[in-house]
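Let me begin by handing over the structure; questions about it come next.
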Amino acid sequence: MRAMNQTQPQSGRVPVGIIGASGYAGIEATRLLAQHPRVELRLLSSDRWQDEPVEKRLGPLDRLDAPSGKLAKLRYASMERAPELARECAVVLLATPAEASLQLAPLLLQHNVRVIDLSGAYRLRDARTFQAAYKLEHPNPELLEEAVYGLPELLPQAAARLRGARLVANPGCYPTAAALALAPLLEAGLLADEPLVVDAASGTTGAGRKASEDFSFSELHDDFRAYRVLRHQHTPEIAQTLSRAVAGRSVPLTFTPHLLPVRRGILATCYGHLAKGRTAAELQQVLLHKYAGAPFVQLAAHPDEVRLSAVVGTNRCQLAVACGGEPFDPGRVVVVAAIDNLVKGAAGQAVQNLNLCLGFDETCGLGTLRGAFP
Amino acid sequence: MRAMNQTQPQSGRVPVGIIGASGYAGIEATRLLAQHPRVELRLLSSDRWQDEPVEKRLGPLDRLDAPSGKLAKLRYASMERAPELARECAVVLLATPAEASLQLAPLLLQHNVRVIDLSGAYRLRDARTFQAAYKLEHPNPELLEEAVYGLPELLPQAAARLRGARLVANPGCYPTAAALALAPLLEAGLLADEPLVVDAASGTTGAGRKASEDFSFSELHDDFRAYRVLRHQHTPEIAQTLSRAVAGRSVPLTFTPHLLPVRRGILATCYGHLAKGRTAAELQQVLLHKYAGAPFVQLAAHPDEVRLSAVVGTNRCQLAVACGGEPFDPGRVVVVAAIDNLVKGAAGQAVQNLNLCLGFDETCGLGTLRGAFP
Amino acid sequence: MRAMNQTQPQSGRVPVGIIGASGYAGIEATRLLAQHPRVELRLLSSDRWQDEPVEKRLGPLDRLDAPSGKLAKLRYASMERAPELARECAVVLLATPAEASLQLAPLLLQHNVRVIDLSGAYRLRDARTFQAAYKLEHPNPELLEEAVYGLPELLPQAAARLRGARLVANPGCYPTAAALALAPLLEAGLLADEPLVVDAASGTTGAGRKASEDFSFSELHDDFRAYRVLRHQHTPEIAQTLSRAVAGRSVPLTFTPHLLPVRRGILATCYGHLAKGRTAAELQQVLLHKYAGAPFVQLAAHPDEVRLSAVVGTNRCQLAVACGGEPFDPGRVVVVAAIDNLVKGAAGQAVQNLNLCLGFDETCGLGTLRGAFP
Amino acid sequence: MRAMNQTQPQSGRVPVGIIGASGYAGIEATRLLAQHPRVELRLLSSDRWQDEPVEKRLGPLDRLDAPSGKLAKLRYASMERAPELARECAVVLLATPAEASLQLAPLLLQHNVRVIDLSGAYRLRDARTFQAAYKLEHPNPELLEEAVYGLPELLPQAAARLRGARLVANPGCYPTAAALALAPLLEAGLLADEPLVVDAASGTTGAGRKASEDFSFSELHDDFRAYRVLRHQHTPEIAQTLSRAVAGRSVPLTFTPHLLPVRRGILATCYGHLAKGRTAAELQQVLLHKYAGAPFVQLAAHPDEVRLSAVVGTNRCQLAVACGGEPFDPGRVVVVAAIDNLVKGAAGQAVQNLNLCLGFDETCGLGTLRGAFP
């Protein structure tokens, strides 16, 4: 690996950029990095907001108590100029659709810019699985092998792995919730060998910005439905992550997403059965042990306590497991996990990964998120 | 069986009553029966609205184009006086909590008033299962045997059975959605013999009227969570109905309810696997055949099309099945059903049952419901 | 005036049509007319749903208890064919944008089809006022004079006027609420001669169907704002109606619309002062007297009782007045009115007008609307 | 004035407390002060959460990147013990109802604890006005005179005044929005001498935590209504603040609050007319000049741009003015202001006042609030 850009600005802050800055994940990342104490936002790129000052679009972003004055002047660059401007950055977040990320990541890597990609372009290891899920031939299968899947809580030796990574594949929102819920239990052999069910619901920002009638307020408000039943592109990503937890064995599973009439938040309700010979008490113990040092995972005592309101506006995943079901379904295991799809499910996790890439504390710039409830 | 009250008023309308008329199901029933062309609302009972005129609480109820003038004068009677006043009625709907229904139903039956009970008091056949689910000893186990479970679409010879019934147990809201989704497939032997999962979400009116902080707007809006995980009292009711579909064999299942930030509507996403030797095409065929004559069941082509907005404000159940999941979970069957919890899940179904009890057309008084969307 | 089409179908029902049937007002009108006992839906026109069966889009529409079977077969016709097909209809509702109504109405009138136009194309009497408000030169100023402004509660001799009308201008949603609130008080000389304020808020369906990012759920949910401040095209319409109440004198006023995060409903809060020498008691008396025979106006005792939930899903206007304000603003008059923007503010009022045009009871086909709350 | 408590803890942080910490304003204040870099939360008091650890109720509060470890151990003290425990604090926020604040403030002042009261107990200068608005005789009218009304943007020499204050009356939420909108225009003589209208709408948290059926989700969702029309207790508070802007002359006004189906946010739409001889351009100039140095006021170019989504989750007030209305109401002035009722309308403003009391930068601890949208 060649040396990556590490140009330090005078301030001692690391220069970073965001390409695709006008989508919801891009906006969230902009806000987070604008207040991050150890980086400097050098590049924001978006065609739709080209040449506009960032504060015109997002309102005041500077920390009022530590204003740099730079943000007020920052303007969105065109996507065309983004790769060139990105050379000044040590790390760039790609908050672009998979198609764009497939083009941009190799360009940036060529110029020694490290990339954290928020799309699905580099999450799957296998090019054929990618093609089946995204209906695109992957132009750089070698990058699928190189990319580090950035779910630090489940990544062995995450700090070391990410410290050296050129390309980080930031996990999908549903896969983050599902994998944090199930992977530790599978890894510990606590779940019976049978198909799992992940039944999840997401707020509307998960679908991105849409000038679509189907996503209009009048159509979505007060409604609820499943979508892409038995064919959502996050299914292979969840399967891959769970498979890693059991040494590569395949983990059969069905994933059903639903569309909630809220802006933010994902709740995943996951179903399996306790493996023979194992006890219900082990479930909680394994989660406690797995997440003992994880600053963003919050275990609750029971699935009834897990809710969107506990996590929306934060980088946390709230999680709980229950086992029971007698006499109707003995040994049933239910794990419920909640995250904010735009934070732990996208921009927050990207900043967490950026922190580990740059050797910062994992929580840097994420520690002041307070939640949005009540 | 002694002759039931059949006093016909001059108008030729059958006198009916609602006890527990100030809860959400009671209000919905009031509105439906106020416009029903073949009954006359003779009794509305509620302690909290005692002596108040019904139109003060619910607004104008009379059909503007066929005003009877009677409703404007109708006042809520106290619960104490309800049993006595109910003697004038041929049928009474009990929209009361199970505890009250346990007291009231025997009293009314003694006076030859037919009862349609919307609570869980008479839904389970087995007194011990009742006690486990409702934490109450059942005072009249013989009524558990007598009560007809009023889910006409699944009740063999529904018209005849309900025509003669003294006591109808109106199904729960979740059990209605889950059973309409799964029972025909089980009955036809299309599902593998393994535990099923019913993952469902309901609007807040399902919890009834509550002067509770937990159910306040500020706490529930924009939130989503599971509740009573692995211990909801509707689990045995669903299990019982599904068991009937397979000649009494037990059907293992797990049911997880969630609380949606909407007022009305239930969506149930149900999971099983295709039985060996059966084909995906049979799933849709069986549903088509089963519900060919069911005026309130609407089959959709795919689960993605099933949504609250298609059913809220109507007595319909919208339903669809998909089978697939390859390569992640071959043979997976997903059935999605949607109902309005206060209509097909409570008051509408009670009116449907009342129609069949009285020999009316099943759709009488339910045919003009138009839906509430957009 | 030439004789209008009165072809009666065998059934004795009057043939009617809706052009612009896929917008929210068009859908609402479709549902209402599908269940109207005295008309037959002969034409539904929409380019976006061209050739599709109506029930595919709107779900079952037939009255279940009085199915005609015809609706199941009805398909949307193209806009191009609409004028020709409309010749079979006695009355056509135009649920089209003003631009389209300006084209269509003269064509239909030529063929002796009576027109109820839901757009703003024929509401203003004065062509210059129209041009200023709609930024269009009016092609048929003579129709502005002929058109009857269809707010029956305020139209002198409404039944007679509408019975003979060829062209009815169905009022705007905000103007309906504002005029029902203020016109009787102005007419009775109860309000001081000073500028009035109409501060109103509407659900999102008032903006019509939009494939617009600004109207996406993610952008509008949990938000609230004013729009078109001091320049909304409904201002001249309100002014015109109020002016008629005072013999043509001009009534200065400011109208501010706001966008509510709900689908349906308008609440208008209107401000004036009591005229010298008049008493607070007269305010309520005048409203009572004015609306004594109005089946769709419901007076409440105090503005605090007026709310969307009392009217959404119905053709009602709920209304109340208060006077007071001592010592901060003595003699202040506040009138609050609520309607469903798609019913009394659009399709319901159009049906009310259609009823009067055809000599039916004013409430025909509107009497079973039950409201959508809780 | 006796010396106030200034005991500095080892950390150099000022010890502060919150009494009434389980209400929505109390919770918001807890979150803000938990992350405030210059204070230490020493006391949280609430009977309902007595003895519970704060993090059990509010989730993790510590700044993850600067954990003190103290918050995890902090428990809610009973209200009975609060006054005694408060002696350790330099400043205490009272997030209590007015009745409790009337009791607590004198007790705390006696022990040299400075008080920032979030209730209405000390906002009105005049004891009779207080009695009329709150239906309580004021036990300490001398404190009404002493209390500093903490709206720093409008308080002449705010830093100096608050630096010395023993008792700060934190403004009400509606009065904050209304006064920031209107006071500068009145002060500059730009508004005609006639009654003003303040028509405002608030999210449900403004009503506080309620175990009330009227405030349940099922009752409030999708609804909208005015409340306390012509008799809201914030009317005299707005009148008092506006009067101060015009040298004590009385400013006639009517204020109408509405209840929005959102959790947070207030939008106030305010109406007046341009004073004779003044120009529309002056309106914007006066606001620009008045708020030039105000870190939390954000002027927008037009009222259409002011919206809840721009301010919810921040301590900002967004504000804009328009003038026009020709030909319907020439010279009409409309000012629209938006705030988060729990931040700038309560806890955030209290922290802003606390900062000025303690000589910190006005934005300290408020600078990282990022907003909650999309």
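To keep things simple, chains are lettered A, B, C and D as they appear, and every chain counts its residues starting from 1.
We adopt the following convention: a residue touches a chain if its C-beta (ideal position, glycine included) is under 8 Å from a C-beta of that chain, and two chains touch if they have at least 3 such contacts.
Being a predicted model, the structure only gives us computed values, none of them experimental.
Participant: Using only Cα atoms to place each chain's centre, name the chain farthest from subunit C.
Facilitator: A
Participant: When contacts are scored as defined above, which chain pair ends up with more C-beta pairs, B-D or C-D?
Facilitator: Between the chain pairs B-D and C-D, C-D carries more contacts.
Participant: Report the inter-chain centroid distance for subunit B and subunit C in whole angstrom, where each centroid is the mean of the CA atoms.
Facilitator: 36
Participant: Suppose each chain is reduced to the average of its Cα coordinates; what separation in Å results between subunit C and subunit D?
Facilitator: Result: the chain centres lie 41 Å from each other.
Participant: Distance-wise, how many Å sit between the C-alpha centres of subunit B and subunit D, to the nearest whole number?
Facilitator: Chain centroid spacing, subunit B to subunit D, equals 47 Å.
Participant: Tell me, which residues of subunit C touch at least two other chains?
Facilitator: 24, 205, 218-219, 222, 261-264, 373-374 - these are the residues of subunit C that touch more than one other chain.
Participant: Per the contact definition, I'd like the list of subunit A residues that touch subunit C in the complex.
Facilitator: On the subunit A side, the touching residues are 24, 204-205, 209-213, 215-222, 261-263.
Participant: Touching subunit C in the complex: which residues of subunit D?
Facilitator: On the subunit D side, the touching residues are 194-195, 197, 199, 201, 218-219, 222-231, 235-236, 239, 252-256, 258, 260-265, 267, 269, 271, 273, 302-304, 306-309, 312, 322-325, 328-329, 332, 334, 336, 338, 373-374.
Participant: Over in the complex, which subunit B residues touch subunit C? Could you list them?
Facilitator: Residues of subunit B touching subunit C: 24, 27, 31-32, 35, 37, 59-60, 63-66, 205, 222, 263-264, 295, 298, 310, 313-314, 316, 342, 361, 363-374.
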